[in-house]
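Mind looking over this structure? Questions follow.
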Amino acid sequence: MQTEIVVAGFGGQGVLFTGQLLAYAGMDEGREVTWIPSYGPEMRGGTANCTVVISNEEIGSPMVEHPTAVIVMNRPSLDKYESMVKPGGVLVINESMVDRPAERKDIKVISVKANEIAEKLGDKRMTNMVLLGALIANLPVLPLEAIEKALKGHLPERHHKLLPQNYQALREGEKYKVN
Amino acid sequence: MQTEIVVAGFGGQGVLFTGQLLAYAGMDEGREVTWIPSYGPEMRGGTANCTVVISNEEIGSPMVEHPTAVIVMNRPSLDKYESMVKPGGVLVINESMVDRPAERKDIKVISVKANEIAEKLGDKRMTNMVLLGALIANLPVLPLEAIEKALKGHLPERHHKLLPQNYQALREGEKYKVN
Amino acid sequence: MTINELDSMVYTRPDSLTDVSTHYCPGCTHGTAHRLIAEVIDEMGLKDRTIGVASVGCSVFAYNYFDTDFVQAPHGRAPAMATGVKRVYPDRMVFTYQGDGDLASIGMAEIVHAAARGENITVFFLNNTNYGMTGGQMAPTTLPGQVTTSSPNGRDVETQGYPIRTAEMLAKLDGASYVVRRSLHDPKNIRLAKKAIRTAIEVQMRGLGFSLVELLSICPTNWGKTPAEALQWLEEKMVAYYPIGDYKVHPAVAEIK
Amino acid sequence: MTINELDSMVYTRPDSLTDVSTHYCPGCTHGTAHRLIAEVIDEMGLKDRTIGVASVGCSVFAYNYFDTDFVQAPHGRAPAMATGVKRVYPDRMVFTYQGDGDLASIGMAEIVHAAARGENITVFFLNNTNYGMTGGQMAPTTLPGQVTTSSPNGRDVETQGYPIRTAEMLAKLDGASYVVRRSLHDPKNIRLAKKAIRTAIEVQMRGLGFSLVELLSICPTNWGKTPAEALQWLEEKMVAYYPIGDYKVHPAVAEIK
Amino acid sequence: MARELMKGNEAVAEAAVRAGLAAYFGYPITPQTESLEYLSRRMPELGRAFVQAESEVAAINMVYGAACTGQRVMTSSSGPGISLMQEGLSFIAGTELPMVLIDVQRGGPGLGNIAPSQADYNQIVKGGGHGDYHPIVLAPASVQESVDLTVLAFDLAEKYRSIVAVLSDGSIGQMMEPCELPPMQPLKTSFPDWAVSGAKGRERRFLTSINLNPAMQEEMNLRLMYRWQEVEANEVRYKEYYMDDAKFAVVGFGSTGRVALSAVRAARAEGIPVGLIRPITVSPFPSKVLEELSKQVEGMLVLEMNAGQMLEDVLIATHGQVPVEFYGRMGGVCVLPEEALREIKRLVKGPLTTTGHPRDRWLNRIAKKN
Amino acid sequence: MARELMKGNEAVAEAAVRAGLAAYFGYPITPQTESLEYLSRRMPELGRAFVQAESEVAAINMVYGAACTGQRVMTSSSGPGISLMQEGLSFIAGTELPMVLIDVQRGGPGLGNIAPSQADYNQIVKGGGHGDYHPIVLAPASVQESVDLTVLAFDLAEKYRSIVAVLSDGSIGQMMEPCELPPMQPLKTSFPDWAVSGAKGRERRFLTSINLNPAMQEEMNLRLMYRWQEVEANEVRYKEYYMDDAKFAVVGFGSTGRVALSAVRAARAEGIPVGLIRPITVSPFPSKVLEELSKQVEGMLVLEMNAGQMLEDVLIATHGQVPVEFYGRMGGVCVLPEEALREIKRLVKGPLTTTGHPRDRWLNRIAKKN
Amino acid sequence: MPLKGRVVVNETYCKGCEVCVAACPQKVLGLAYDHITAKGYHPATLIADGCTGCGICSVVCPEAAITVYREKSGESRESEGGR
Amino acid sequence: MPLKGRVVVNETYCKGCEVCVAACPQKVLGLAYDHITAKGYHPATLIADGCTGCGICSVVCPEAAITVYREKSGESRESEGGR
């Protein structure tokens, strides 16, 4: 059983860290994982994305044409990745930064005004956690607790005071479970 | 018909020019020719040698294991080249700089105290011409006149005053015809 | 507010910049330097006689932003490439645009020799004390004690060497006609920088030989500062180590202005 | 004349030279420089703690002549190679021996950076105004108007650039502790050269950083002169362009002697 | 030992440290820079030598100098930087010195881009520098393998007085994967009898790559060649997957070999009898293995992120005994498992031939598609 | 026109001048320096650009700059210098610019020596620089051919926007032979529509080798490959000697091909039915020709002054259809006609095989002799 | 009477770096927090009256994003921002 | 009383460059035109009396070919050629 997840957005939106969190959580749960990034020429701004593979056996390719799930954090990412999601897969959209609905009908689409939610929780930087919560709620790959554990284990010590807020952001996202 | 001639000695003895003269003379006589040098690390002093091939048809290799004729201008050159001369070939030795006789019996050996002769003619730098004269006298490859013509044609203008002396050096060498 | 037909335009984007948004980080003074050079090219009417040479660094895509002919050099080799261009077209304006890693590290031989040859080109040398494009490593210009991704405990001069004052060093070469340092940290210095850029290009167009303008610049992203903080750091720390000034002004150049 | 048992030996070939005849041309001062360095190594007792770095040029075979450990660097890269050796063995005496083509042309980046890093090595820089080994082409040090095989009409500074005064330029670097120029054209200057060589090595052994001795040298073969004429040309022409002197003496070095 | 999630470039750096790396010299270049950054902290902390050189030219020559002492030394770079090292590498080969080179390939030629590629295979394997010499080249396909092969690289370098290159690419260098690090080895304290150190208590030594006497230089060339024959005899490494009953074989190295594994699995799931050969040493190339396999299988498919470079080694090894097809992506585009699977199916469907060049067939095929 | 006795290096320089060379940039290195020296006088006298660069790195980048103008430009060097040019060459290839490179090979690796060699075949032909690109490589065997191929090199460079290398060696560069020089062509006055010159009266242009978008970079890589297929289709050149009725074939390029001719003649004189194929373009390699011949002859002998580099191209071209044997000299030692003849006789005597690597057989054979 | 000016920020170029905001002697520039550009930045904008058209913002703007206008009445005076 | 010295030229090294000949303040050095060394040079030699053992020849000799002796009597004085 192998699950591939792409996280895509602007640089600075926490795209790469979101993916790493999934990878850490997967590894800590005893699964095989890979995380691989890709970015544009910009040091700041520009686009960034990463692919995470979580599997029960030795992982072949760390990249795939058709990922099981995608989180898009801005409009260019939606345009690029919508068509790639594997039929039956999951697409999580940050509605705050995307001004059109998804077109695919053969996948599960979850739209979340994540910026607004994060800002309401007091920190725009938690947008990615909201979206990750929404993904986990709709993709049977890892329990939310694994993500929380990974967050605690791999967030630099000096940021630990932000943990409760992050947990809350994940829970807010989790509410977007779609059937 | 192909003739290969090696000229070998110290740098500064006019080794390379002697070879070039043969090449010019050959070319001017309408033959195919090649001239190829080889030298050690020293900019001045050290050893130097060159191989000239004169032929009636397109020349293959510009170097050979067993040249038809060799002029050796010092002892190290004799040690290196004596054994290489093609059986029946010609070996011209500058006796002034070589303190042993040749050992080969299957080749024509001509020993000339060329330094002394040149100094007697007034210029040590003509040693090579003496030896060349001796070679031409014993190797039916080109007439001496061809060498003289080449000398006139290719010696830089400013040295033309030395031409008569050079001709004389060639003639002195020519006297060492061996049967 | 609407624009009134009767209003006069005090400033607008120079013609010699293309209509393209840059990839530079917010606040990065690479943009400022581009703008100044473009303004001078406009003012001197050189847009269609200019061939720029981009280098490797954040400014590698300079050719996307200048609306002139351009070529793009391997890391550090812009002065050599500019030499090749200039020798074929001695009457064109040929300039290189290089970062401090590019010019003062890997490209040291090429810049010294372009200067020594008195190569009639103009060099714009952006000194931001680090390697921006590759993520903020130590450059030859990194200040003693400065933390970068490859001097994580601060540049230790004992093992990692001393910063190079490039303009001062190049000024020692007979072939160099105009070598100055300016800074991009405030309006006054930006104006002075533009003047120097203009002089440097004049030097070339009059055939007076090698000209170079070192421009103190910021890299807010890799310095981990906001643009405002970065500009202040430049003013406080960099200018002290890299004094603004004229290091070589050939007598013939002094006449220009 | 026979040698009397009672006579004292005033001078004999230094221990740190091997018993090998050099490939240098008659009169070439490469030999002189070798001898002086070997004498200093003898005097300082460093023969078994020294690692030399030969460069590419006529002195490429220096390892045949010095009776110490040696390595041989690619053209111009001796300072980098010496850095590699020195970083592994900080307490050994590591020196490079480089010609002017090697050091000031192709190796410019490496020498500037070794100096800027304050790399604790000693560099002997033989300036003979041309490329000896390859047959006398123009070097960065060739004098204006000087005829070489690649400046057949005399070096034209307009197209071929100006000579580089290397010592003066390197002296501008903070990492350089001792940078001087000496000459090998007469007994007095040879003695002064030896003193400088000694000081340079002392600088290294005391851990004071980068030291370099530029030695004005002759190339009779490619200059088309007898050794005597060449020495005279050096004295008359080269010294005027390349003044003998101390260009950088770090205060800590001044104490040495 | 615990598995850690590490970025390939950092894992390689730490592996080198644990293998006893005494001196590192490098210059930043994406996608390799994390190794240099990591070592800029780690080496000084252990009292070992680290220099950020002024260029790759300087870096390789610092390595050259340090290698002359017989210590374990390394540099790392990518495309343009590796090109700049070619002179130094040739000198190191000519001086018969051990060293480790990490090459994290990116898209080229020229400045190209920073995405993964395998287009520098020929440069590393066939000799980008002048003169006849053969580096040993190890091609990892994962972070763990990068770690393991880096350690092996130091051992082989010493054993054969050879350059050992770890031929990685941007995907492996930038990827994070769980991996297990090797135990910490102490620094070397005894050195071979060719190493320089100052001539204390022994004859002095020198190391050089010049030999003006052609006959003597030829002896040296022959020594290198005979040593290379030994390497070919002893050091070939590769991995086989599903080859026992395979009627078709995919050949791919490094990250492409890994992608191929996904595709082979998918093909097996569809009942296609295909296996995979993944050379670990691309130099020495597992020629004998492929020659043997060419008798077993009906066709081979070579997959690379280039225009068919290892392909030619496959062709030489199989010398017309089996049809070979090729598929490649270039310019930083990775082969994806789905397209690799399509290519396997195409191979199985045929037609197959042993004449003409597989590269031409590939180019003509994709030209039609465009 | 009159034949002149000229040194190879000077003849090449004058040929380039007559082909319309507008700018030369170089750095002295034996055995190539005479070209640079010659042009240091000749170019300024004609008002053309000549710069003795500070290094080969600078020289190739000056060439890069000048090539961007669409003018005819050239550099020349040997082993170590060519290695230093690899980054620049890869950039030039990546920017699709025409240029001519003269490589006068010498013994290596490392500083090696200044005697003739062919050990840089792989470096030039297979790509010493990073990334997928193929220079056109012409291999002259005489001074006259050096002249002719230098002129051709400029034409091909422009036709295919390609690097064209003239792969010579120390013997051809240092040799004097009579040769006929081509007529003087004027300098170009019109330039292709990609060349920079200042944007007067037209859209501005830029030339670069960077392309961060892998898909776009791949397009560029494919363009290079398709262009290369054209080159392979149109530009293969070689010379055949005595092949009509040959039962055996010798394959050798450049000066070794010429030595082989002496040997083949001697063999024919003894009644041995042997012929010679001398590739003029070693890249594109005359693969089709060799493939065809592999049906005609009973065995092939590859002769090189290296450890078997072109050999591998012969193996790929003949893919096991004919037994191939190899003989090489290295380190600046030239193959002499007498030993080439001995090798021909050995070939004829057999035994012959198509398995194993001819290089191994050669090494094992000469090992026994030593 | 103070000069009256206007600035227009081109949102294709502006990256909200606030360098102009800090440099403006009249403190009339700020970021438009209510919207983001296509590149994801809050662009600079006039947030108060009092722009004199001095042009200093355009002198410091790294993106050449600002066009500065001044009412005709002030035309005769040399612009402070002129270079 | 002038010092008395002697020099011995090692013919393995000497290349007859005459630098010592020119430098000798006593003009007692010259080349031995009657023979050549293995490398083909006329080596330097003492051609007259009067060598003071000052050692200047050895200071200038590029080949370190010269060994200089001085009669014991002069030992106490610092050698001029010492360095």
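Residue numbering begins at 1 within each chain, and the chains themselves are lettered A, B, C, D, E, F, G and H in the order written.
The rule is short, and it goes like this: a residue touches a chain if its C-beta (ideal position, glycine included) is under 8 Å from a C-beta of that chain, and two chains touch if they have at least 3 such contacts.
Treat the numbers as computed from the prediction; the structure is a model and nothing was measured.
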Touch-network distance, subunit E to subunit G, counted in steps: 2
Leader among chain pairs (count of C-beta contacts): E-F
Geometric centre distance via CA averages, subunit G-subunit C, whole Å: 25
Distance from subunit E to subunit B - Cα centre to Cα centre, in angstrom: 54
Separation of subunit C from subunit F, taking each centre as the mean of its C-alpha atoms, in whole Å: 41
Sites on subunit H at which at least two other chains make contact: 15, 39, 41
For subunit C, residues contacting two or more additional chains: 24-26, 60-61, 72, 74, 105-106, 108-109, 112-113, 117, 133, 135, 140, 160
Of all residues in subunit F, the ones touching two or more other chains: 51, 54-55, 57, 80, 87, 91, 95, 110-111, 115, 208-210, 212
Touching pairs among all chains present in the structure: A-C, A-E, A-G, B-D, B-F, B-H, C-D, C-E, C-F, C-G, D-E, D-F, D-H, E-F
Interface residues, subunit F side, partner subunit C - complex: 22-23, 25, 49, 51, 53-55, 57-59, 61-69, 71, 73, 87-88, 91, 95, 196-201, 204-210
Interface residues, subunit C side, partner subunit G - complex: 1, 3-4, 6-14, 17, 19, 21-22, 24-32, 34-36, 38-39, 186-187, 190-191, 194-195, 220, 226-228, 231
List of subunit E residues in touch with subunit F within their complex: 57, 79-80, 82-84, 86-87, 89-95, 105, 107-115, 117, 119-120, 122-123, 126-133, 208-222, 225-226, 229, 287, 291, 306-307, 309, 312, 315-316, 319-321, 329-333, 354-355, 357, 359-360, 363, 366-367
Residue numbers on subunit H that touch subunit D, as the complex places them: 5-6, 8, 10, 12-13, 15-19, 22-23, 39, 41, 46, 53, 55-56, 58-72, 74-75, 79, 81-83
Of all residues in subunit F, those that touch subunit D in their complex: 27-30, 33, 36-37, 40-41, 44, 50-52, 54-57, 80, 110-111
